[in-house]
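Note that subunit A is present in both complexes that follow, paired respectively with subunit B and with subunit C.
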Partner chain A sequence: MRLSVKSFLCSLCLGTLAVARLSEEFNEELHLRPLPDGKLAARFSFSTLLKGATPRHPETLGVEDESQLYTLFPLALGQILREYAVTELHLTLNAGNWNYDRWGYPDEPGVGTGAELWAWMGEGGTVTVDSRWRGLRNALAGLFCASLGSLDEQRTTSPVLTFQPEGSLPNGNASYQLRHATLPSEHVCTENLTPFLKLLPCKSLSGIASLLNPHKLFDADWHGLGVHVRYLESAGVEVRLAFQAVFDPVRAASDKRRDWSLSAVFDRRIERVCPVARSSVIRVRLPQNEVYAIIPSPSTMDKTYATYIVQEVGKPLDVAIIRPEETLFEYLIEPQTHISVHRTLNGASQHAGQLALTITNNHDIQLQTGYLETMPWLLQFYLHTLHAHIDGMPRDDLVKLISYIPPLPHVQPALLQAVLTLPPKTTLWLTMDVVKPFLAYTEHPPDAQRGWDLPPAVFVPFASQNGSETDSDPQLHAVLSDVRSTRMYTPVLLVDLATPDFSMPYNVIIMSCTLIALIFGMVFNLLTRQFVVVRVGEQSS
Partner chain B sequence: MDFIVTFPALVAGRLVLALSPLTHYLRDDHLLSSPLTSYSRLQEGIYLFKHGIDPYSGSTFRHSPLLLSLFSTVIPLNEVTAAFLWTASDALAAWSLVRIWRARQNVSSSSRDSLIAGLYLLNPYTFLPSLGQSTSSFENALCLLSLMLACQKQASASLLALAFLIQLSLPSILLLLPLLLLLISEPTSHLASPFFFKTDIRRITPLAGQFAAYILLLSGAATLVCGNLNWVEKTWGASLTLPDLTPNPGLWWYFFTEMFDHFRPFFLIVFSVHLLIYVLPLCIKFQHDILYACYLLLGILSIFKAYPTLSDPGLFLSMLSLFPETFPYLHHPIVTALLHLHAALLLPLFHYLWLNQGTGNANFFYASTLVFGMANGAALLDSIWAGLRIAIGEVKEEHEVLQE
Partner chain C sequence: MPPAILIKIRKYLRPDGDKNAIRIRRRRKLIGALWASLPSVIVVLLAVGYLWMLSIPFPALGQRTYIDENALQPGQVNTHWNWDDVHRADRYLEALEQLRDRNASSVEVADYLATEFRRAGLSADTQEYSFFTTNGSKTGVNAYATFSSPRASGTEAMVISASWLSRTGEGDGTLNLRGVSTVLSLAWFLRGYSLWAKDLIFVVSDGYLEGMQAWVTEYHGVSQPNLQAEPLRLSSGVIWTALNIDYPGHSFSHLGVFFEGLNGRLPNQDLINSFQRISLYTGGVPMLVYDHRDDVEILGLPSWTPESIRDNSELKEYARRAKNVVRHVAYQARGQASGVHGLLHQFRIDAITLFAVPATGPHGFHAIGRIVESTLRTMNNLLERLHASFFFFLLVGPTTFLKIGSFLPSAVLISVAMMFCGLQGWVKAGWVWMLDEAQATKDEKVHKRVGNGRWSRRQRPVLKAVMVMAATHGLGVVVFYLLTRSWYLHNSTVAPLLVSSLLAVLPLTSLLLLPKQPAQEAPLPVMLKSLNLCLTSTVISILSVLNFSLAAVIAFLTGVPLCYASSSARSELRIAKYMAYTTLAFGWVALQRYEVLKAVANWELLGVWFAPFMCIVYAPLVLQAALVCLLPSESA
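And now, the complex of A and B:
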């Protein structure tokens, strides 16, 4: 009897073990970095690793999926990933324009204004990639309370050159497809942050996440959140939730100084450690060539970074940097990135215009950059008018068109991929004529006169095709290794489309039909009735 | 003045203007070129075609594949060749008009030749679209060429020209029946003495077969050029489904901009079928003078086709010069002329106010297209009236002509 009880307990234990629990790991990090113009960039990164897991293969979509037992990994997101067999997923929701010239490259490259969603999905099975993509964006729209459902076919493209997978794709021989869509008019606010926090194991109760105070975050000059899912062949499936913001300490400070502290910036301190976090780190980039004090004393410190291990330092933790001697702060105004890009839509007319880009190479060496436009059909390119100029001289040889998919109204956006060659220290002017379509009155949004937001263009500076040249030139090599295919987003554009009169449908139907009926009636009157001569005047009466 | 002197002078004058920078300002005008005839869109299509992108996979290019193959292989399209080409097409159209006039009068030359050529070449409605390099100038030239060849009884050439015309613009298929009838009747004026159609109507059957062969041939060639059948939907389909709501002087665009979505297919069918209604009655009523029926149908097309430009009413008004015998019987020529003047001033003004200046709204331009429709309608109705009234001739004092 005793034996049987023992064996029963034993089998119970084994049974529990048989449901293979994947081991999980949660790391959180806050990166704080002073920007050359006195602002403070903060990047929160919460990554959960599901060790040994692989993304669901699309061919298994028909059969019942294995059970999902997670302790740290966000179940709501995990279910979506498995339901639609998504291998890699990137969702960013940003507000404001990232100012590359002043702030340099961001820690998270996805800084396009509005919503941007891109996913790599495997092909095969009974469900097509497009129908899974539709399901994915609708599910994410529900999860993050964002209008991602509007990222429909009219905004979906597949720009594989610019959006390469950041992780690895399982089964090298299977084919994978990219789906990418942007919605620049999406506004990011608290309703998106709340579901974001719910995906974290400690919510915003403890650990670094407790600094995520919506009142302060959405008051920042620039803010954005991101969800990044990727598959790492050696590790497993990683979900990384990121929040990035640019604060203005001067605006918040009473003495108008750029000293900052966690309590001043976030209005909160770290009171408790998130108990399930394997690591919980705050990294502060230290000011260079300045007199400053950093309190409390960090766990480790080198020339560029001070690092706080949250578990080790005393609580409540309130990191601060003070520059006691600074009375005057001078802005650094030289561009912080390799190239500077400005994009404008010229012309006052509501039926035609010109898209103009100025791309400046800030370096002494020749650079190349990928240029991507994913333009909804609200703006249609005249590709034959695409011309490049340098100091007024035509230099069309610097533009190499890689691919172009023309737009189809109500069906697909235009996709333009090109490679630009930028001679050292010069500005390239790129112009292209565009036409603005005319929409039916039901297609206009409620506030039609506001215009339509157009997605940002994306630039990817990359190594020259001539690899040996790159290797032999150490300077070029250094510059390009620094660039490392960082995506640069231009600010969004607003296109002003001609509007019909919205109160007129009945009037127009009535008046046009009247004219047609009038002409029709009179023509048939003339054609069918016989002509007769009648006597008129006094004699007839 | 002698036709041999005036005609080259007029054409040379046109060429000078075509080479001037004026064309740049007129090129994208919505009154002068529609999405189906715009020069910029033609250039875009050729560019895409040359770069290995199917121009019909997008929505910008809606020109015929024949124009695409012509300009991407035989003639390179640039500022200079375009100026010569459009001038040549206008010259061909004016010359055809003069030949039609001669055929109608049954003379080898007449004193009115220069006047008729001038009325085509100097008509602002045909002249400005041609300066704006709208391919509607080609359509006009092909239309007049086809009528001219029909008047001269060159059946095959005429039908081939019509097949080319239909390749460029589907609504011109309305001209098929009157053109076939014209081929088996006389172009000379019989308006004043109506009679029943004498020739055996069955004679048009082989001609219709010949026409069908040409259409099939050209469509086959177009399909070969494109490699697929996308062009059918993008070129011919556009005239039936109105996918592009760019403003034009016609009646369709604002009607379908403002149309409720669930009624759109119904009204598209109504508007397309409505065009067909006129063909048979006009051919029956004017069976004694089929050329006049062709002229009236061009008037119908200029009012009611899906993507008209100013060159469509321009063709109709220039053709009026072929029928001087009807002039004394016109009911209200002053009213028609003033309506046209009114519309011609309002259309560019309100277009500018709405789309460039931003001080007017779409209704202003819509109202001026209605006035333009009325002007064209008045001209059409007056022509029908005069064409029928002429048969009664002068009436005595105290008598009047009425309709029962």
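And now, the complex of A and C:
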């Protein structure tokens, strides 16, 4: 493997572009999907494959690295990956709440609000995983202009069950570690998109990426960008840059209909192809059981998808779907996912509260789901009060395999994992008492009266452990194959901790100075006074 | 050699002799003078306190309101609410009027509302609830919808609400149809914008107050023992601000703001001030405090009064402000919410009610829609909770208010007078003027000799006085228990009389506590009065920062009577005084039946502690003064 990388790098050094093109491969794809509530989901995926490459082994961190000469592969990102010997990396920056009930599962599973970063890194060598993790955070923060540096030890956990590697880990016998952190208060905007576009070989000048118009993207109901690096044993190192957004054509249109076109949604058309892209594809999921027209005519088309190969179709390309018979769009919503989750923080006091979750199984078969909380110490669980109810009846037996790492105040967050069993067509109520700690006044953020954002909980619906049961029931099998390894993120929460009035310090200083002055005066008086007997009576008479 | 006058002054200031002895003598003289003038000090404090209360509406006092939180930027946006939104509101109104005309049930109405919310593309649901009180049960169905704003994380939310019954007549059946139509049309309109940074929650609550109480307690996961409500299936973020729309008439001329919450809580003043500016400058609708129109003849003086008095602008302004203050005190002292918004304050939500004051014109849906839109945009700007402006204020006019420092001292001065009076009583209770020389010389603690008698120490029966006080508070608990029973609520003539006669007779048992050796011990009335005054003063001081209006009312009612309660030699006079004080203490049980029922209902439904406070704290305190008058004072 190493030999092939060397030869590949050598060929790069020689500047033979033909060889380089064979070794690096760039594919772009746009997936457009109408959602049941009239919205339009768009997913851009730009993947660059570095053929035959392997991630850097942590034990080689002390020695000088091979030179990195890429034509398509983003150098800025490649340097970070090599510097900190990262095997697999996932960074997402999202704005908005992914509404599972209305939109179903997203194309990219990482839809938690705010920033989420997780990485698998090999152990060994002179530099520890934690110090490499710190370096990685800061490097990515600089690269993407995001506050990823705040993903410090107080937010870092290692929930290996939920965040399994998506690629393969080289050297089967070496041990790997996961680092995961979320920052729900991070906002995504143009300053993150610009460095993101810079990593693309054609920037946003041509090809599908030319549709990435910040004015439209950041007006979308939901939008998020992601960077996914993984190692595929048979292929090499793959960097996939993804942008996902949910547009509302009804909101944008003056006639309040949900017809859409690329020019209406993105305010741009595809004028030319990206010359270095090996494939450049637009896939449009077609409406079912409706009258519609799709223009221009796609390269290939079946019942569910229309596919445009951008190199082949005429330019400028402006894909549109028109529903000529529809005048007014009526919303009609059924839950689109297997389970629906709501998470709320109850209680009005600033000292204690209750974390309440309602998890509804929308299917008529029993499901299981993993439940993960990575909670900063700003909210501390009373684990013994974790109870499950169904219609008011206690059903604590449905919560199994609880693993819990308690938080260390000011140091490390709590990690709570459990497996929940959801009977068919029922709602499970999960409640747990929490306590809100008292912060030192220096720990409050500048906008102290806002409260603190708490990261989303993650649910992973999965197949029942009983394999034979799954096989025997074809319906169950169909459902579970659909469900498998899809992460679902709950919305983030805001917690109110006891917050001082920050104009108070002045009052406190004035008050305490006065009190101290008074006390000092009295004590000083008593200490320096001489006590004598004074005859008053004789003189007064 | 200095001039003679300087020497004289120096001699006066520094007389010859032992310096320390002079100092001690001077100090004694000063204390003596203070003690001698204490009765007049008390009179002065009381007078200043009462006059201060009367001068609160004075036009010279108070200052202009201002926006404290810079993020709010009220009225700085272009509004988009337009005539087709007004048209939609009209269509909704027609549909709601049809529902009203065919006497649709709560379930039907709520289902209609939820369907309309869903057609607008929002997640909507209904919530059934029933309250169980001694006065029967109240059931209803709320409809609510959440709009998760595009791009927002949904951690914060704003509420736009309307109750099915208007606050006109405290929910006596006037429907708030236009308010509900406004909310429906707003739901359709507001979801068309991607600029919201907070989620929007639309609530149409059933009934007047009870629907919102059921909704807001369930939203915060707080259980109330006498409330059975469906849990909410839709959730959103932490609610920071809320607007409640009350539009009962056909058109309106002014928008009135109602802001008092349960137990005297007030919203942040920035909310009211922003609304005032937006209403005036964006909507062109002047804001009123409550529904007090400023164009009506405020003084109402008969025609024979001289014109200089009738047309005196200062006097008119005083009357206008006094009207607002009295209304405010009436709400706040009772701990009553002046509208549906008041139920939200208990969960730290800053909320007000916009009341469209019914008139023949000129404003309608167009104005109220724009004003609500702009106010929501202002609230949308908040990065933190409202915290910059005042939470303690007295709004005497739409743009004039009093800070806490300029009204709090009125009640506190009276409370200080009472404390002085009580301490004076305590000192007096410890001393007795003995005429018998022979007996007095044996006493070791003889301090002073005047004429042919002397002051000597005596014991203070603290325990007896405290027991009497505890018994009166116990009686208060019994009264509160009786008032919350259903037989009291249903027997409108017998029960109040029965309770009041019980109250009149039971305290007489304290006559049994008479001391056996009057000379050695201070008389019970003196002790009782002293402790009673100290306790009342403390209660008023503490209360003044929790609920100023209630503290002011208590201070106003008890200040003079408690300070000047005294026993007398003639038993008829004693009985008469006792009856007068008992009337002050418990008269409301017999005379203010409607108020009693309302206070009890507020306690049971909404947890307003006015009823228990009056029964267990206020009335027993006055009853103690009544006992002071009743018990014979032997030393006299």
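Operating definition for what follows: the second predicted complex is superposed on the first by the 476 of 541 C-alpha atoms of A that agree within 3 Å, B and C clash if a C-alpha of one lies under 4 Å from a C-alpha of the other, contacts with A are read in each partner's own complex, and residues count from 1 in each chain.
Note that in this section a contact is a pair of C-beta atoms (placed from the backbone, for glycine too) under 8 Å apart; a residue touches a chain by one contact, two chains touch by 3 or more.
It should be emphasised that the depicted structure is a prediction, and the values quoted were computed from it without experimental measurement.
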Contacts for A:G451 in the overlay, against subunit B (first) and subunit C (second): which applies, first, second, both or neither? second
Partner chain(s) touched by A:L232 [first = subunit B, second = subunit C, both, neither]: neither
Considering only touches as defined above, state whether A:G38 meets subunit B (first), subunit C (second), both or neither. second
Is A:Y404 touching the first partner subunit B, the second partner subunit C, both, or neither of them? first
Could you say whether A:L494 touches subunit B, subunit C, both of them, or neither, answering first, second, both or neither? second
Could you say whether A:A348 touches subunit B, subunit C, both of them, or neither, answering first, second, both or neither? both
In the overlaid three-chain picture, which partner chain does A:N97 touch, first (subunit B) or second (subunit C), both, or neither? second
Contact-wise, after the overlay, does A:V536 reach subunit B, subunit C, both or neither (first, second, both, neither)? both
So in the superposed three-chain picture, is A:T113 touching just subunit B, just subunit C, both, or none of them (first/second/both/neither)? second
Residues of subunit A contacting subunit B in one complex and subunit C in the other: 348, 501, 532, 534-536, 539-540
What residues of subunit B sit close enough to touch subunit A in their complex? 28, 30, 40, 43-44, 46-48, 51, 53, 55, 57-60, 243-247, 251, 253-261, 274, 277-278, 281-282, 285, 303-304, 354-356, 358, 361-363, 366, 370, 373-374, 377, 380-381, 384-385, 388-389, 391-392, 395, 397-404
For the complex, which residues does subunit A have touching subunit C? 37-38, 95-97, 99, 101, 113-114, 184-185, 218-223, 248, 250-251, 330-331, 333, 342-344, 346-348, 354, 356, 358, 447-451, 453, 491-494, 496, 501, 532, 534-536, 539-540
Partner subunit A, residues of subunit C touching it in the complex: 17-18, 20-21, 24-25, 28, 118-121, 123, 148, 150-156, 191-194, 220-222, 231, 233-235, 237-238, 346-348, 383-385, 387
How about subunit A: which of its residues touch subunit B in the complex? 348-352, 377, 380, 382-384, 401, 404-409, 414, 433, 435, 437-442, 498-501, 504-505, 508-509, 511-512, 515-516, 518-520, 522-537, 539-540
